[in-house]
Every structure is written in structure tokens, then in C-alpha cells.
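Every chain is named by a letter (A, B, C and D) in the order it is written, and numbering of its residues begins at 1.
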Amino acid sequence: MKKLINKPDDVVKEELEGIALAYPDLVKIHYEPNFVYRADAPIKGKVGLISGGGSGHEPMHGGFVGMGMLDAACPGEVFTSPTPDQMAEAAKMVDGGAGILYIVKNYTGDVMNFEMAADMLRAEGIAVQNILIDDDVAVKDSLYTAGRRGVGTTVLAEKICGAAAEKGYDLQKLSDLCRKVNINGRSMGMALTSCIVPAAGKPTFDLGENEMEIGIGIHGEPGQERMALKPVDEITEMLALNIIEDEAYTRTVREWDFGKEEWADVELVDPPFQKGDQVLAFVNSMGGTPDIELPIIYRKLYEICEKKGLTIVRNLIGAYITSLEMQGCSITLLKMDDELIELWDAPVKTIGLRWKA
Amino acid sequence: MKKLINKPDDVVKEELEGIALAYPDLVKIHYEPNFVYRADAPIKGKVGLISGGGSGHEPMHGGFVGMGMLDAACPGEVFTSPTPDQMAEAAKMVDGGAGILYIVKNYTGDVMNFEMAADMLRAEGIAVQNILIDDDVAVKDSLYTAGRRGVGTTVLAEKICGAAAEKGYDLQKLSDLCRKVNINGRSMGMALTSCIVPAAGKPTFDLGENEMEIGIGIHGEPGQERMALKPVDEITEMLALNIIEDEAYTRTVREWDFGKEEWADVELVDPPFQKGDQVLAFVNSMGGTPDIELPIIYRKLYEICEKKGLTIVRNLIGAYITSLEMQGCSITLLKMDDELIELWDAPVKTIGLRWKA
Amino acid sequence: MPITTADVLDYLQEVADVIGANKEHLTDLDSAIGDADHGINMNRGFQNVLKKLSSVEDKDAGTILKTAGMALVSSVGGAGGPLYGTAFMQAGTAVAGKYELEAVDLLAALEAALKGVVMRGKANLGDKTMVDAITPAVDAMREVVQNGGSTLEALKRATEAAEKGMKDTIPMLAKKGRASYLGERSVGHQDPGATSSYLLINAMLEIAQGKGQD
Amino acid sequence: MPITTADVLDYLQEVADVIGANKEHLTDLDSAIGDADHGINMNRGFQNVLKKLSSVEDKDAGTILKTAGMALVSSVGGAGGPLYGTAFMQAGTAVAGKYELEAVDLLAALEAALKGVVMRGKANLGDKTMVDAITPAVDAMREVVQNGGSTLEALKRATEAAEKGMKDTIPMLAKKGRASYLGERSVGHQDPGATSSYLLINAMLEIAQGKGQD
């Protein structure tokens, strides 16, 4: 295993220590339980925006803590959902009195842990909502699976909701916005190589020199299909068409019903993309794919969107939601409207995403 | 060879096409000869700041074109210095009447090509100076080698000189500043894996599962020594001590003598670091090293600097000067003063580096 | 001889040892159809359980099990953390206040554990999860206990059933958890969670046998 | 029979073919002590030379060679571009205006090429560069020409000397170019630039021999 680390068990702890030393003006770190939070938290009257998940996806989520984005991020061990106590402690630390929104990627572990955390917070009288991100079109149905995974749209939701929270959206409005981003965003990813979980010490899967995995998530897991390596234009087309031609996706998620004071099943439907839609195009490196290759993907994606009648009004290109050193990429398209564009353009100042500040 | 590309020969062209589509507000692309230039160029009265080099080091240099940094960048083929016509055409495109500064990394090819370009420009009456970056302490002497390579300090010089050019420094003052950044910056790098030049199709060198290369440059070339893999703390210490304890480095470089109107040999001496120095610490990924590992390096570097009496006043952590998908890192320390700090903090708006804009 | 709180403590130590010994095995299984962390997570969790036990050594079995459950919830993470954490907490609730556990108490604890897992994870039998190992174990145990069998007999049958249930996950197509994303590709691999569940049930048998009791 | 401009054009075609055939070989040599691009660069350069030739087919040898040099400068890049570009431009200047080249003209061209390379790159003999292949070739050629030998004889000796010079770079420790960064590790590898220089000189011999002339 070739990594710039000391002991596998110390990776997350030492990463956090490094972040604390590197960005004291931006974030603070709390240890045991571990979380990263805004140096200026809590912000009175602002909804506290929190996300979290396994480590190994850097810069997500710790790299997205700061003005205009998250108030706190809870890093689990590599590829392992964090625990409810991390999430609850983080919430109490950044609570500005306007409630907490948990942005939760749809993985069984994340969902269960964030639900337990929300229950713990409510027991202490803090208002909290959990909104799921489940945007991975590689997962076709939700009846016979754990439902679509939360992938690239998470980054966009954190940026957009972060700007909205900064603007003063209340918990209800912010939850609605997050849900709107989620149902309008779709992603799909692929891998050229596996990655190595530090504590496991060997590649999660083996791929032949001429093979690739299509339909991967972000946890180094194998994808839905293994196929022969193809030129990037064909790969881009495969991912983009799966996204653009994806039909309405219906599933039931659990959200908190503030009226009834209980968890409620909510049916959500992702509307398909339509000719004339304005989109944000997000080309993401899985961590080991170098910058030189990403514009080549964007070039083809642009052509396909044009052909399909989608207008790219904003883009994001780089390594933002990764699987350690995996080579590969994912594509996310998010249907935009004036509200989303304005929020996307708003200032942001985090380790991983920064503009106008 | 696992890459997200189409034909190896088309990589640079398609990369540029993607950049053109993705960032029309920021940069424009000129083809044949290839260069990337500021969308708002030329800026009247401002010195034109230009760099260039082989491709494969992204985001450097094309990703550093924009307000507060470069006016143009000339990308060669992968790891191959660009040609004089690219450099000269780029200069003519962005010339705002105040002359051109070429920031040149010290590689035989880059130096010769940029000198030819400067001669071509002068023949057309454009004032131009070439300032070398040669900061790689892994190269010990300059008498029996081509001299120290230009590595990490290049990024810092481009940012700092870019801010100065924006502020109105004239060609002479900007050249002096660039030289000052160069003699005060030192770097060293290492690799866990080789990279694959697309047109070559196979790794430039083979490394055993338990081996690493120390003292590499940025062209996928083997380093000065191969050794057994070590924990990152030891690697960081090795690189940092080589940098911090490096003695005065003397060499002769060629610059243009505006008085005599000819190339002149100039002797330059890098002053060693001293207790009490304020430094910018730059931890760089070689391209394939994921974000999770970089703060772990920074953590140790911080400790070493503290022990050695150096105060880190600014930092930069990420993949900024890379060797395709190589896993590995480099460390750069730059001695700072008030002028450099102010210029470092100034707004910058490029693809690869952006703040306050 | 009933199961004492000392036995429960021994059991948790045994589980920690067994999970430690099977860490790589569980992680390998999770590599095939998951994200290569199940053994690592479980090991971290039970090491944390051991740390928390000293404060409850003299408490009743319910408190000990609930403490273990909370330790798991706050250190395992992933799917395993809430599921096993809930299982132990519910088991603890089922035997709250007791210092000695008869076969019927054990059955109640295991039934509560399973209920907790299903409440939290909503998996059905055949979804290729830990439920597929625990359910047959509970059924087997119930049969023995309802017929007046001994704790040892009940645990023997439960372990056999859990082992079969674990192996039966191999041909299954996953419908819950991370493996479900693989669709058809999940077929042919043994579920890591079902495997750890078998190990946890087998560890009870080991403890009971270690007591040399009937 | 003197070398005609048709022969010069044939020569450039031959070089393009030979470099194309040796692209991988040159790149492999550059992998060992450089950055794995020498063959790729040279091939791109000479393909570009071929494109530029049509406009100067009826011109004198000097113009053809200068055009080739400029094509190399603007397409090879790296160290090879300015060095070989300068070499061809200087060679062209040395035979400016000529449509037929005698042995003495060839010698003048090669001497000018070497001078150009040294002027630009400042390498000394023994630095493990192309200079180590070209210098002995020029010396050998000079000796033959000064003794009144034929073009063919001169090129034979020059090629032999270039080949020996190329092989002699193997034990050398590089002091110029990218290989110099490797220090001791550069020893034991043949210099890619010396190798391409040998190929370029050998190609002249091939053309001369192809004419079947003395």
C-alpha cells in the first residue's frame, strides 16, 4: 500500500490535526467526538448547516466548512459513516438558535446514524431536519435496493444551501431548497482503478489493465458493470446519457414532520431533464485523475448537452467528492433556476471552494 | 495505460478545447501556436506576465491565467517545453505596452526556447526579460548539472508577480521581485509511483511496491535516490530538512542586460533560511495523491518549522504543480516579507487559484 | 447454572477477541460487495466496548448490554454501528435488572436484538443482511426453549442455524445496504454482516460451553 | 555525383522515416534518464518538416535546410527543438544558395550544425549529450575530406564515428540536460540525443549509398 500516511488508524486524526494547524482562521476542530466547524460559529439566528460522512472523500465535507457553506462537518473513519454523538455534538456547537439542517447522503449507515442524532437533538429541544441526497442514476430502482446513493449533488447542495442559510432562509425554507436541489440533480460515476482503504491495506477490487468499472459510488466499491476500457468521449457519453435520459425517479424517504412531531414517509419524484433546461455541469475527479483529463471530459459533456438541448449556465470542474486515490470521474447535472444561480454565485470561503471572499 | 483521454496525440488540444468551453469569462485559447490568455488582455500599461512549460503539470500554468496572476501561458506537449513561436505569439497578444516578463523554469529546453522567443520579440521592438526559477534543492550543484530545476516556487512566483503586475510594477521592478522570490524559495519532491506520458503509453519508471523515489522533478523522471517506503512523517522530515538546512546556493544565470542590449551572465546566491524567518509553506500533491494525505504532511512540516525557528505565516496546500497522475508530494518554503505577504494576499481569479474575487 | 453477569462480561471479551481475529476476513467479505470496512469497524467498536465495561462491571446484565450497545453506536459508524448498537441496547432492555439469565432470558434478549435490527434497518428475510443469520438463530432457539431445552442446547441449535443462515446469503441478491447497489453482482458472495452475526452468536455458545454446563 | 537538392529532400524524408521507426526506442532511452519524450518530440518535429517542404522543393539546399530547422524549432519543443532546429538552420546557412553539394560542402554543413548545437546548449565533450555523437562524426568527416576522400567515404567514417560516440555515452555521467539531475544514476544508459544524432548521420549515408555513387 503506497500512501503518504503514518499508521492507518491515525489517518483521520492526523488529517484533522493538520487541518487545524493549516486553517485556524477558517475552521476549528473538535476531537472525540470528531468534527470540523466554522471558526466563527455559532452564527446567531442562522440555521446550522451540517453534513458528514466517511472520510476519504476530501475535500468533502470538512473542506466545505466556512462562510457560505457548512457550519460543521462530521468525518467518520475512512468510508464509514460517522456516529450519532459526533453529529449531535457538532449541532450543539454551531446551533445559532434557528435549528439544524442535516444534509445526509443516502447510505444505510449515514441515514440511520443521522436519524439517531436528530432524535438525540430533539430530546434536547433543538429543531432539526434531515434531508437526503440520493442522486446516483446508476442505481435504477429504490424498491430492490437501498435507493440511489448520494454523490455529486451533495457538493452542490452544500454550496447552494450554505448561501441560502447565510441569506437568512429559515429551517423550513432551507429544507425545501435542499430537497429541490436533490430532486433536480443527477450523477453517475466510473473508475479506472480501485482505491485502498488504509486500514484494509489492499485494493478494494482488482481491475484488469484494460477494464473499468461503470456505475460506482464513492466508497471504492465496485460498480454495476465492468467493461473494457473506452476512449473518454465514449465514457462521457455513457455517463451523460444515463443522466440526461433518466426518467422520473420515485422513492419514499423519511423526513421529520414538525406538525405531527414524528418521522414521516415522504414520496419524492425527480423530474426528468427537458429540452431547454438550464443546468450546472459538474465534472468531478475521483481523486487520482489528474487535472489535465477533466477538461477533456467537459468538452464532450458540453457537446452532448448542446445536442440534447440543455444549456450549461454554470460549471464546476475538479476533485470535490472523491474516493481516496481512485482514478475515475463522475458527472453531475443540476437543473438551475434564478434562485439556484444566485445562490451558487454567492460568496463562499472554505478550504475546498472559494470565491468572492 | 489507464487514462480518461481519447488519442494520446490529442490530449493537449482537447484539454485546451475543454478549457475554452468551461471558462470563457476567464481565459481565451489561441491554437497553432497554442496558448491560453486572459479574456481581458491586453491590459494597457501593465507588464505582460507569461509562463509556460510542458503540459501535464496542471493546473500550472494555464490554470493560473487571469486577474492577479498570469496574462498568458504556453502549454507544450506533455512534459515538453513549448516552442518559441508559442511564447512570442502569446506575448504579442497580451502586450500592454509595458513589456513582457517570461517566468521560466530552469530546464534546458525551457531556457533555450524562452531565450529564442525573447530574441524574436526584441527584434520586433518589445521589451522582454527572462527570469529563471531554479529552486529544487534535490539538485546539489550547478557546475556538474543543468542547475537546479524550477519546481514549486514557480507557482508562488506567478501569484506574487501577478499581483505586483496588477499593482503597476514596471518591468524592471517586476523582474527584481521575481528574482527575489526565486532566490528565497526552495523545494524538494518525492514520488510513490511513476506516471505515464500518454504518447509513451507506459510508466516512465518502475517502482517496487515498497519503494519510493526521493528528489524527483516534475516530469515523471526518476529521482536522485530510490529508497524503502517510509511513514510520511519521516518523508516530510527528509524533504523539510533538505530545504531548511540547504546552504547558500550560487549559480550563474542568463538575463537580458537592457543597458548593453545583450544577454549577460548574472551570478545569483540563494541565502539560507535562518531562525526567525517568516515563511510561506506550500505542500503540493504530484497529482495522484489525494487531499486526505496532504494535511498529514502539513502537520509534520509545521512541527519541523517550529522546531527550526521558522514561522509559517501563509500556506498553500493542494495539487498545483503536478506530474500527471503521479502519487507523491513536494514541499516548498518561501521566505516572506511584508511586500510578499501583501502581494500573496491580493485578489486572484484564475481557474486554479482564486480568492477575494 | 444460569448465565451470570461475569459470563456476559466474558462474552463481550470473547466477541472482541473473535472479531479481532476475524477482522481481515470480515473486511475481505465487505470488499467483495461493500466498501471494505466491516471488520475494521466492528473491531474498533468492540475494542471501545471493552474500554467502557470497567464502569459497569458490577451492574446487572441489562446495564452491561446497554452500555455495550451505546459504545457500539458511538464508535462503529456505518450501517453496523446503529444496527448492532440497537441490537445490544434492545437486548439489554429485555433483561434489564437481571443478574442471572436463564434460557428464556437469553431468548428474550436475542428476540429483542433482532427486533431492534429490523426496526432500524427494515430489512426483510432474504435481503442478504445480518437479519438472514439472526432470524433463523432466534427461531431455533425459541423452539428449543419452548420445549424446555437447556441454554447450551438452545445455543448449539441457534449457532447451527446462524451458520446455515450465513451461508445461505451466498446465492442471495442483496436488496438492502451497500451490496444492493451491485445488483446481480452481489450474488455468490457471503454477506459480511451475516458473518459477524454468526460469530457473535457462536461466541455465546463458546462461553456457555466454557462453563462446562448443560 | 554531388548531392542534389532532390537528395536533400530524400534525406529529410529518410530521417522522418527512421525517426518514426525509432520513436519508441528513443523514448525508452529517454525514460531511463529523462522524461520519456525524445522519440515523440523528434517524430512530431520531422513530420512537421515534411509538411513544410512542399513550399521549398525547388529552392537551394540552404533554404531547404533552414526551412527544416525552423519547422523543428516550432514543433519539437524541449531541448531537442532548439538544438536540432539551430543545427539545421546553421547547416542551411553554411550551404546557402547551393543546389549541389560536394563533400566539402557537406563537411561545412555538419561543422556549422555542431557549432550551432554547442553555441545553444554549451555542452562539452563528455557531458553525455548529442555533442558526443556529432563531434567525432565531424572530426572523422573532416579527416576524409581533407585527404580528398569521397562523400561516401566521408559519410561512412562519420557514421562509424557517430555510432561509437553514441555508445561511448553509456558509461558517461551526464552533466547537461535532464539526465544530469540523476547524477550517478545516469551512468550505464545510452543518451537519447546522441542516439538520434547517430540516426540522422546514418541517414545521410543511406541516401549517399542509395545513389550508388562513390
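The criterion applied here is as follows: a residue touches a chain if its C-beta (ideal position, glycine included) is under 8 Å from a C-beta of that chain, and two chains touch if they have at least 3 such contacts.
Just so it is clear, the model here is predicted, and its values are computed rather than measured.
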{"item": "Third chains touching both chain D and chain A", "value": "B"}
{"item": "Chain whose Cα centroid lies at the greatest distance from that of chain A", "value": "D"}
{"item": "Whole-Å gap separating chain A and chain C, where each centre is the average of the chain's CA atoms", "value": "32"}
{"item": "Intercentroid distance (Cα basis), chain C paired with chain B, Å", "value": "56"}
{"item": "Centre distance in Å when chain C and chain D are each reduced to the mean of their C-alpha atoms", "value": "75"}
{"item": "Contacts with 2+ other chains: residues of chain A", "value": "78"}
{"item": "Junction residues of chain D - those touching two or more other chains", "value": "none"}
{"item": "Arrangement of touching chains [line / ring / star / complete / other]", "value": "line"}
{"item": "Residues of chain A defined as touching chain B within the complex", "value": "2-7, 11, 14-19, 21-22, 55-56, 58-59, 63, 78, 192-193, 209, 212, 229, 231-233, 235, 287-299, 302, 315, 317, 319, 322, 324-325, 327-329, 349, 352, 354-357"}
{"item": "Complex interface listing, chain B residues touching chain D", "value": "33, 54, 76-85, 107-109, 112-113, 116, 138-139, 144-146, 149, 197, 199-200, 204-205, 217, 219-222, 224"}
{"item": "Partner chain B, residues of chain D touching it in the complex", "value": "27, 31-37, 40-41, 44, 73-83, 120-121, 173, 175-178, 180-183, 185"}
